[in-house]
Structures are given as C-alpha cells and as structure tokens.
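Both of the next two complexes hold chain A, though its partner changes from chain B to chain C.
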Partner chain A sequence: MEFKVRTYRFNPDTSDKPYYKEYAVQDFPGMTVLNALMKIKSEIDGTLSFRRSCRSAICGSCAMKINGISKLACKTQVNPEITKFGIINVEPLANMPVVRDLIVEQESFFDKIKEIRPYLLGQREDEEHHKFHALKEGEKIIQPVYYKSEFQNLTGNNDTPNCILCECCYSECGGVVGNKNYLGPAALAKLYRYSEDPRDNDRNGSRLVNGSKQGGMWDCVHCQACEEFCPKGISPVKGIVKMHEKAIKNSITFSSGAKHIISIAKSIQETGRLDEVKVAFDTGGITGLINDLPMAFGAGLKGKIPPIRLKLIKDMDDIRLAYKELDLEGK
Partner chain B sequence: MITYAYYPGCVAQESGKELDDATKFVAKKLDINLIPMPEASCCGGGVIDGFDKNLKLFINGRTLALAEKEGLDILTICNTCTLTLSEVNEELINSSESLNKTNEYLAQIGLKYSGKVKIKHLLYAIRDDIGFDNLRKKAVRSLKGVNIAPFYGCHILRPSNVVKFDDVENPQGFEELIKALSGEPVSYARRTKCCGFQTILVNEATSTSLAGNAIFEAQEKGADVMVTPCPLCHLSLDTYQTVAARSINKKLSLPITHLPQLIGIALGGDYAEMGFSRHNVSLRSVIAKVKQNEI
Partner chain C sequence: MLKHDVVIVGAGLAGLRACVELRKKGIDAIIVSKVYPTRSHSGAAQGGVNAALGENDSWESHFFDTVKGSDYLGDQDAIEILTSEAPANILELQRMGVVFNRNDLGGIAQRPFGGQSFPRSCYYADAVGHMMLHGLFDNVLKYKTKILYEYFVTSLVADNGKISGIVAYDIKTGKFEGIAAKAVLFATGGYGQVYSSNTNALINTGDGMAVSLKAGVPLMDMEFVQFHPTTLKSTGILVTEGARGEGAYLLNSLGVRFMSKYAPKAMELAPRDVVARAEQTEINEGRGVDGAILLDVRHLGKERIMERLPQIMQLSIDFEGVNPIYEPIPIRPGMHYSMGGIKTDYNGRTAIEGYYSAGESACVSVHGANRLGGNSLLDTVVFGRRAGIDIAEYLKDAAFTKFDESLIKRDEEIFEKLKKSNGKERYGLLKAELQEEMRANVGVFREEKAMKKAVKKIEELKERAKNIGVDDKSKLFNTDIVEAFEFSNILLIAEVIANGAILRKESRGAHYRNDYPERDDENWLKHTLATLGDNGNIKFDFSEVSITKFKPQPRTY
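Moving on to the complex of A and B:
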C-alpha cells in the first residue's frame, strides 16, 4: 500500500514561516511512523529533521504529533492511523518552540523537571552509616535496596518511575497551553514520585509547599490528557490529585486551589450540593469577587444567578454520616 | 419509552437552570422518562478526591446505589458528573476492597451497591438508546445552513478506559448528531481540548485563555454557534466569554448553546422556552438562520 506522509517543515535559517510537505511512501507489514520517516529521510528527502534513537519506546526521543495527538513515532503503527485518518500527518510537539522541522527546544521542559528537585533529599536519621565516607579496606558499599514491588506497596506508586521524559504529556497538557509557567504533568508526576518515596527525607514538607506555589500542582486543569496520551501508561493527573489530598491532610492549604477543594467539600457536607456562590467566595476571597464582579453582574442581569440559599438534598443525614464515618467532620 | 434515573448535577439546578429545562423538553419529545433523584448529592465537582478519596467513593457510591435500587441506569448532562460517577463505578466494580468499604457505609443508610448501573451522558444515550435516525425523524425544524462547532470537553472523552463512549482521538458522536439535525458540523482542532473550567476560580488567566482559543478557532473556521454537552464548559465559553476575549486579546462573539437547547430547537421548542435569554452571547443570529429554513 502506498500512503501519504504530510510533514511540518520549518528551517529558521532558510524560511520565514513553516510549511507542510507531502511524501508518498510504500508500506511494509508492521511499519511504524518512525520507519516511514526514516525511509523518507534516507530515500526521498535527507533534509527532513527529527529526533530518534532506540526504536523501542524506551528513550522517548521520537515523540511528535501524529494526526493531532502526541505519540512516540516508534510505537505508532502506520496501518491503524491510515485506517482512521487516511494520512500520516506529523507535526512537532506543542508547548515548546520549534528548532527545526519536528525537533523542539526542550529547555523549558527540563528546567521544570530540575525545579522539583528530582532526587532524594537529605539523609534519614536512621541511616547515619550511609553518609559518604572513604571506604576502608575490605568494606562494601551498603545501600538500602527497595525492590519494585516493595516500593509499590510502600507508596501505592506503580507507574510514575516508568516515565521516559518523552514530553507527550507536556505537549498535550491544557494547563501548559494556558500558562507557560505551569510545571506540567511530567514534572508534577516526578514530584509525586519523590514525595511518596520512603527514602526521601523531606522533613518540613517542602516538596508539597513548593509544589503548591503559583504554577504548581493546583494549576492542573484536570483535562486528563496526560493520562490518556502517556505512551508508558502513567497517570500524572492521578499523582497530582493524590498530592492535593496529602497537602490538605497536612494543612498545606495556603493556595487558592486547596481552598477551592475544601470549600466544595464543606458545601457538600452542609447542603449535599455545590454552592456556586460560596465556593467562588471561599476560593478567590474579596479580591476574586471584585475581579469577577462585572462578569457576575452581567450574568445576574440575564437571570443566570445561582440561588443564594440552597435547598438541602433529601436524606441529608446520609451525607453527614459519610463525613462522620471518614472522620472528616470539621476538617 | 426508555426510563433513566436523572442526575442533572448541581450547575444545571443552580446557575444553569436553562440546561435542565431544555433537557426535560427534549426528553419529553424523545419519549425518555426521567425519574428525579432528590436524594442524590453533588458528585464532588471532579476534585473531591483531592480532599478525600473515600469521600468520593461514599457519596457517589450512594448515588449509584440509589439508581440500582430503582433498577435504572443514570442519565447525566454534565461531563464532569459523567466522569466522576463512571470512575467510582469502575472502581467499585473492579476493587472488592473499595466495594466492601463503600457497602459498609451504605448498609448503615439502608442501601447496597452491586455494580449494575450504567452511566450514560445524554449525547450518547440519544445515539445508543434512541438512535440518530429516530432523532432525525422527530425533528420538525431543520438546522440546514447553520455551521455548528461541537465542543466535546474533556470528561466525556478522557480517560477513555473509564468513559468509553467515543473514539478519543477522533470522536464522531457529536458530528453525527449535528448531521442528524441537518446542521453543518465545523471541523476544528480544539473541539476535544479543555475549556479550563476546573481552574477558573484558581487561575482565571489560564482557564479563560483555553476557552478563548477554542472559541477563536471555531469562529475563524466559520462557526455560527458552538454547542457543548457540559454546563461547566458552557460557563467557561459563554458566561466568561468577555473575560476570555481579553485574556487572548482577540475579538470574540460566538453564541454557545447547551446540547439539549440545540436539539430542542430542532424538535420544535419555543425559542423563548429554551432559555437563551440567560446566555451572555445572544443567540439571535442563529435563530434567524434557523427561521430562514422555516420560510
């Protein structure tokens, strides 16, 4: 079967703006998009630029947009794409500037990974003997060893260590589209991974405090794209939500995101419903209310105002019991 | 006649009352019997597990048990309610530990859940249980010539291992519905992207720029109107449209309807009864286009 590959092309040295170029490619059984791109590069157009290395979905180099979705070219078969879209449309990942053709500038992504301190902090008190020192003759290096299953049992964290930093989640993330300073799913998944690691010695909860600052975990828009499109089956958004829960339970609630969730929980505890007015006030405070006043006034004029006092749901005691059972009353 | 336990969610009962009204109108026209759930609580707005994971299980497990007691599936009209109820349903079906824990709570309030309830969003309930052909037959007004941009929103599509209605990479359910009503679906890239609602009170600039970009793209592609299956998306796209325009520094003026309002027009609903007067952006231009087909 002959099929078409339509690629994004841009070389800032020779052209002012990007354009698309089409190539006709002959397939072979099991052909991947990366195979097709390599065929184009070696047989048709040597100027086409893209990153690639392992061809086994483990290095994360060949991530790109394939028919609009961020994927690893080496893990994406040509056939199902052609069946669904009739063409292979390839573009560079989103949310990062293009260097050339399908290659993006990764600096902002890795700066954010560095920002969350992707390494174990400090030294545990019970591990004094692990401090760095020159080995004496015959002394062996002793390191705490955690088997994968043991790590999973300790942390409930069975996916985030598998991240290959391919940037698919970062490219699809709604939060990054809206805010270039947002840490993004990969960095936050890593933050979760280290905040749950039993070997980490984060004595004052600095990971969750730093992660609660502007551009951190509370700026997640919950679009679920990071989970959906991760080629390694990781769910950064679930890790982010677990950090929300951990932060609130540890009273790290200075961010408006934490206040927002607490207010929703309180509203349900009191009425069984989500009180739109109260949640807006609790989250944004007076400043937020003043900012939104023109918009709220306009909506009010159209009659689009939630009731000031909500009617309780029927059998409200059932909900109160849930809070009591979980020891959440007054939290 | 098909019967569902009707779970409108909080916004459709509060600031988005027009959505509830339009849904009831459409249900009547399509012979859908909606059984109210006055005992059902808020699902937690898609963020309650950030407060306590078990609370999410308990309050939504209770809603599922209430529907199961009546032997009914749940009909939703909000994407976030759809995802939250579906997530809890999946967990209760697949984890005996979660199910036992939830049933211990439910036993104290005289309920039990065994995992029999299905959650259906109105869009896909019409596709699967009513059929687009039936919808086409019942339409009395044509939407011919109206360019309609479907905005799916996130939680009706993702994660696709939980909400399994459509092809997450290239969904077509919405487009098929628009075609069944003789409308012209507008194709644009951001139709499956995020409206930003979840952070609208936390980080308004992030949120409104997402909504603004989607509206702008649909506008550029010639849309007369955008339609959404979610009242939270509607708040972002319509109520906050002026803020969104400022946020992306572009001129925006695109009418946004709730899904059942659009269907309601096609099924002969009175324009005033559809509640368009409660919208920020006027629907006048769209109604004028539909009226042209009536002449």
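Moving on to the complex of A and C:
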C-alpha cells in the first residue's frame, strides 16, 4: 500500500513561513510512523528534520503530533492511522517554540524539571554516614532495610518513575496553554515521585511548599489530558491530586488553590451550598474580590448573581454525616 | 573557545556517573552530548545490574562467573575490581535515589541471569536502565552541571601525548566549536548501527571509538560483538534476558526446549554467546519458525508478567503484534553490545594522558570475549565512578595544553565539503548495504571466505562514500549532515571489526569461526589492539591478558 505523509515544514534559515509538504511512502507490515519518516529522510528528502533515537518507546525523542495527537512516532503504527484518517499528518509538539520542522525547543520544559529539585533532599539518618567501600575477601555488604510497602507508590508499572520526559503530556496540557509559568504535568509527576520517596529527608516539607507556589501544583486545571496522552500509561494528574491532599493535611495552605478548596469544603459543610462570594474572598482576599468585580458585574448583567445570604439546604444532616465519615477516613 | 577543566562526552550511565563524582567535589566538569542526556541509550537497558548481595552469594563467585563468561579473555585484575566494588556501587546508587524492587526481607530484589551461579541481578521491573539513567541525571542536575546537548564531537585534540580538548559541532546552530580541557572522558557508548537487526538506538554509531582511533588511540578486542539471543523478530528490539531469568522457555518449531542439547545444565540461562549460537543453529537447520525462535513466558502467568515484565509485554504488543500472556514471542539473535572498545586501564586511562573512557565505548576489559547479562550496567557505574575519581586526582597537577585550533577549521571544511557535494550516493542506502553485509558475513557464525567478502564490500562502500551528497544545505539543526558523518564512523568501525575477526583464528566467546571451531589458548589468549596506519589501513598489535586467580579451563554450561 502506498500512503501519504503530510509533514509540517519550517526552517527559519531558508524561509520565514511554515508550510506543509506531502510525501508518498510505500508501507511494509508493522511499519511505524518513525519508519515512514526515516524512509522519507533516507530515500526522498534528507532535509526533513526530526529527533529520534531508541525506536522502542523508552528514550522519548520522537514525540510529535500525529494526526493531531501528541504521540511517540516510534510506537505509532501506520496502518490504524491510515484506516482512521486516510493520511499521516505530522506536526511538532505544542506549547514549545518550533526550532525546525518537527523539532521543538525543549529548554523551557527541562528548566521546569530542574525547578522542582528532582533529587533526594538529605538522607535518612542511618544512611547519612554510609561510606563507599570495596569488599575484601570473604566480606559481605550490609544493606539498609526498606520494605516493599515503603516504595508502593514508586514501583508499579504505571507509576511516575517510569516517566521518560517525552513531553507528550506537556504538549497536550490545558494548564500550560494559557499559563507559560505552569510547571506542567511531567515536572509535577517528578515532584510527586520524590515526595513519595521513603529515602527523602525533606525535614521542613519544603518540597510541597515550593510546589504550592504560583505555577505549581495548584495551577493544574484537571483536564486529565496528561493521563490520556501519556505513552507510558502514567497519570501525572493523579499524583497532583494526591499532592493537593498531602499539602492540605500538612497545613501548607498559603496558595490560593489550597484556600479555594478549603473554603469550598467549609462552605458546603456549613450550609450545604457553595457560597461563591465567600469562596472568592477566602481564595483571593479583598484584592481578589476587587479583581473579580468586573466578572461579577458581567455575570450580574446576565442575571447570574449569587445569593448574598445562603439558606441551609434540607438534607444538612446527610451532609454532616458524610463529612464525619470522610473525617474518619482521614481525608 | 570554551574552556573547562573536564569535558565529559556522552551522557549515558558511565558519563553521568563520572560527572556526579566530579561535580560533588566542585570540579568544573561539563557534559557534551549528541542528544539530551535522558535520550541516551543506557535508558533502554531492561533486565538488571549484577552485584553479589544475597546471603549465600559472594563477590568471589561473581568474579569467577564473569571470568568464565568472558571465555578467559577478561582481565582478572579488572574483573576483581568490578565484582568486589559492585555491592557498594549498588548501595551508592540507591542512596542517590535509584529505586530497585524489594525482596520480602527489605533488601534489594534479585533475579537470575545468564551465566551467573546466583540470582544477583538487581532490577526495577524490566526498566532498570531507565531508572538508573534518570536517577543519575537527576543527581547531575542537583550539582548544577553545564550541559551542552545536541553537540556532535568530531575530533580529539592532543599535544605531545597530552589531551588538549575536543572539537564539536553544535547541531542547533551549525557552528564548530573547540572546547579546551585538562581532562576529557569519552563515555560515548557502542556502535550497534554497524549491524542490521540490532537492539541499539539509532544514535549508536561508534562515534567515540572512531574519533579515538583517528586520534591514534588503540581500540581493543573489536572482533568480539555480542549478539543478544532474544530480540523481536521484525524490529530487533530487545527482549530482556530477565524474561528467561523469570523462567521463560526457548522453543523451536517442534515445541522443544532445544537448549537441553547445547547447555544441559544452564538451559535458557546459559551465557548469551552460547544461546545465540544455539538459536542460530536451530534456525539454520530448519527448526525455526519463519526464521525465528519462540520465547514462551505464558506459564509465568498474567500477574507475574505484568509485575515483572510490563515493558516486554507492551513492546511485544506494540512492535510485534503479539501479547505474551497468550502467545509465545518470535525472537532471534540480534547485535547488542560491543565487548571491544577504546583500550583503557581500570581507572579509565587511555594511551593519551588526560584522556579517559568508560562504559561501552571503553574496553577495560572486564567482558573479554563475551559479556554476561547485567554486567554492562555494572561496568558503567563502577568504571564511570573510578574514572571520575582518577580524573579528580589527575587534575591536581594537570594544566591546559596547547590547543591546535587548525583542527576546528579542518573539521569545518569536511562538513562544508560534504554539504557542497552533489554526489549521487545516499548515505542511508549505503548504510543499509553495510549493515546487511556485516550481519550476513561477520555475524554469529564466521569464516574467512565470507569475512573477506565483507572487507571487500567495505572497501567498495568507502569508495562510493566519497560520492555522498546531502540534501540539506542549511545550518540550523541539520541532521542530514550529522547522519552522513556518522556513516563514516560506522564504516570505519566495521572495517576494524571485520579485519580483527579475520585475524583471530580461533573460536572464543562471541567470536565463533566455523573454520577454527576451538579455543586456542596457546596462540590466542591475548587482546588485539587496532590502530590506524599512515596509509589509512588498520594495523594490529597484541597485549597480554591479566590472569590472577583463575587458570583457563574448558567452558561448558
């Protein structure tokens, strides 16, 4: 079968505008999109530029948009794409500037990884004085003890340490689109990974404090795209939500995101309803409230004004009971 | 021109491990890499990293297994270091943040691997390379290391036998740059792309070895090429030895576990050279399944497969269309690893003062004629660490030497000439011809006639390569020109391998000759050293093997 590959082309060296170029490629059984691109490069047009390395979905180099979705080209079979779309349309990842053709500038992505301090902060006390030594004849090494259960969030197939930093989630992330300072799912998954590590000795909880700052975990918009598009089946958003819970439990509540959630929970606990004015006040303070005025005014014009005084709902007892049960579960 | 005390080329495990050692001492060391560090091929290692941690295990047993696995060509002084430092290195990695699966006692879990007397491969499911690579990279970030990524190194620069630095091509801008250094470490990995059906990344083009050879540094034991017994039939993608470690069977077309014939005691867990030859024999004698052998894990059960071999399951589904829970996986031997490389001592030192190498690009030699599974990750961290420590010592009275800047110009001109050429040959097609020739004639089974044919083919390709044209004439991110240059490296390495294989008239480890089927300790218990002669031909010399504790014995499993 011969099929068409439509490629996004851009080389600021030779022209200032991007354009699309089509190539006809002959397929073979099991052909991947990366195979197709390599075939074009080696046989038809050497100027087509893209990153690639391992061809087995572990290095994360060849992430690109394939028929509109961020994927690894090496892992994407040609056949089902053709059946579905009739063509292979390849474009660079989103949320990062394009350098050339399918290659994006990754500096901002990796800067955010660096920002979360992706390493153990200090050591568990019994490990602190450990010294390297080669074994002498007949000698054995004594291992520090860590039980399976301590690593239970780090050793599963779809747990965050499996992240290959391919940037698919970052490219699809709804939070990054309007908020360039947002760390994004991959960096936050890494933050989660280290915050769950039993060896980490983060004595003053600085990880979650830093992660709660602007651009951090509270800027996630919960669109779930990171989970949906991760080629390794990881769910960064689940980790982010777990960090939210952990932050609140540890009273790291200075961020507007945390305040927002606490206020909502409180409002429902007290009245069974969402007191939007109070929530806005609790979240952003008086300045936040003033900033929200134009929006409130606009909403008012459309007849959407939240009630100033909330009446308790009928089934308040049920709500109180539900809260009590959640409390028992430690949520 | 950039100037740094240490330049580490390559950001796989060996490079990163050395880097951590230097950076934690506050030394001005930078990383130069062809790709972003986390794209390095170390990340594809699956099954395990060996260390004698178990209660009944001992590093001395690991020592012997490795010597025997190497078919007695491994240097025993170096293997003693490798195995006695292994446990401490694993614990060091654990302290740095690397996660290993745990056993019930709270220690690191270990699985059996080929040629090992005990289960001593530490693992993280079947993605231990990935775990180690990212863990070490995170540590390199911790020490705020300068990383020049997407830089392609074209030359080593030395002055009177002392290192001066490197010449590198900045892929992003298309500019050549000289980087002066008091010490240079090459941790540039292997050359898998010399062969078709290999398990290696597309970036593994033997650049570091080729650049070293051109700078007069000898390459050692290059004829020893490891073929991994289990690579996916249609793509050559690796299926970990850990699968057999977990208990997988190898079956021929008759459904027979044929290893009973070749290694009755070790069966599927014989060393890789033995298993790869057994498979190829079955295929050659007509007991293959469409040119492949079947790897059967079904009896392990869904749960164990999902827990211990999740990546293998996914790779088989994605790349072979087979779900190993229900069907056996078609596999065959594929080129995997280079036992040979830049000749170093056990501190990573080479023939040029201040120039080091570690990892797959180096040949210490701890793997000799055949590497045991799980020993290469160990090699990278043990000797990466040692090189880092030795460089730190060396720096105490090392100075910058004269950097011959004309070499920058020279490399620039090579690229410019290539770019301007309107030759009709395409490197992609020449590469495919070379890879197929090497697979067919310098592969699992070798003989003089076929290898001479391969050498002739290499000569022909060298001629045709003079007529290579590249389509891409621009400066910015020109991968076309980089790939064309990589091809010249592949070609040079192929030439060394083929000539070395013709020279060695015996069978040892992974080097098996139909015309000389026996090991010949009297004449060939020695390393081969390849250098480049004035006329561009490969010259060979020899060096002694270090034998300290274990006298060579017949090798059966």
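Everything that follows uses one rule, which is that the second predicted complex is superposed on the first by the 292 of 331 C-alpha atoms of A that agree within 3 Å, B and C clash if a C-alpha of one lies under 4 Å from a C-alpha of the other, contacts with A are read in each partner's own complex, and residues count from 1 in each chain.
Throughout what follows, contacts are C-beta pairs under 8 Å (C-beta built on N, C-alpha and C of every residue); 3 or more make two chains touch, one makes a residue touch a chain.
Bear in mind the structure is a predicted one, so any value in this text is a computation, not a measurement.
Participant: For A:Asp318, is the partner it touches chain B (first), chain C (second), both, or none of the two (neither)?
Facilitator: A:Asp318 contacts chain B only, not chain C.
Participant: Name the contact category of A:Thr155: first (chain B only), second (chain C only), both, or neither.
Facilitator: A:Thr155: touches chain C, not chain B.
Participant: Tell me which partner A:Asn250 touches in the superposition: chain B (first), chain C (second), both or neither.
Facilitator: neither
Participant: Counting only touches as set out at the top, which of chain B and chain C does A:Lys140 meet: first, second, both, neither?
Facilitator: second
Participant: Touch test for A:Ile268: chain B only (first), chain C only (second), both, or neither?
Facilitator: It touches chain B, and chain C stays clear.
Participant: Based on the superposed arrangement, let me know which partner A:Ile103 touches: chain B (first), chain C (second), both, or neither?
Facilitator: Second partner only.
Participant: Could you look at A:Ser15 and tell me whether it touches chain B, chain C, both or neither (first, second, both, neither)?
Facilitator: A:Ser15 contacts neither chain B nor chain C.
Participant: Find the residues of chain A that appear in the contact set with chain B and again in the contact set with chain C.
Facilitator: Looking at chain A, the two contact sets are disjoint.
Participant: Which residues, counting only chain C, touch chain A once they are in their complex?
Facilitator: On the chain C side, the touching residues are 35-36, 38-41, 43-44, 53, 58-60, 81, 84-85, 87-89, 91-92, 94-97, 99, 101-102, 104-108, 124-125, 127, 130-131, 134, 138-139, 141-142, 172, 201-203, 234-235, 237-238, 306-307, 310-311, 314-315, 318-321, 426-429, 431-432, 470-472, 474-480.
Participant: Within the complex, which stretch of chain A touches chain B?
Facilitator: Chain A residues touching chain B: 67-69, 84-85, 174-175, 177-179, 182, 214, 218-225, 227-228, 235, 241, 244-245, 248, 255-257, 260-262, 264-265, 267-268, 272-274, 276, 279-280, 283-284, 288, 291-292, 295, 298-299, 302-307, 310, 313-315, 317-319, 321-323, 325-326, 328.
Participant: Mind listing the chain B positions that touch chain A in their complex?
Facilitator: Residue positions touching the partner: 10-11, 13-16, 38-42, 44-55, 58-59, 62, 83, 105, 108-109, 154-155, 158-160, 167-170, 189, 193-194, 196-199, 201-207, 209-210, 213, 239-240, 242-243, 277-280.
Participant: Per the contact definition, I'd like the list of chain A residues that touch chain C in the complex.
Facilitator: Within the complex, chain A contacts chain C at residues 11-14, 29-30, 32, 38, 41-43, 45-47, 49-61, 75, 77, 99-101, 103, 106, 110, 113-114, 117-120, 123, 127, 130, 132-138, 140-141, 143-148, 151, 154-155, 157, 161-165, 194, 197, 199.
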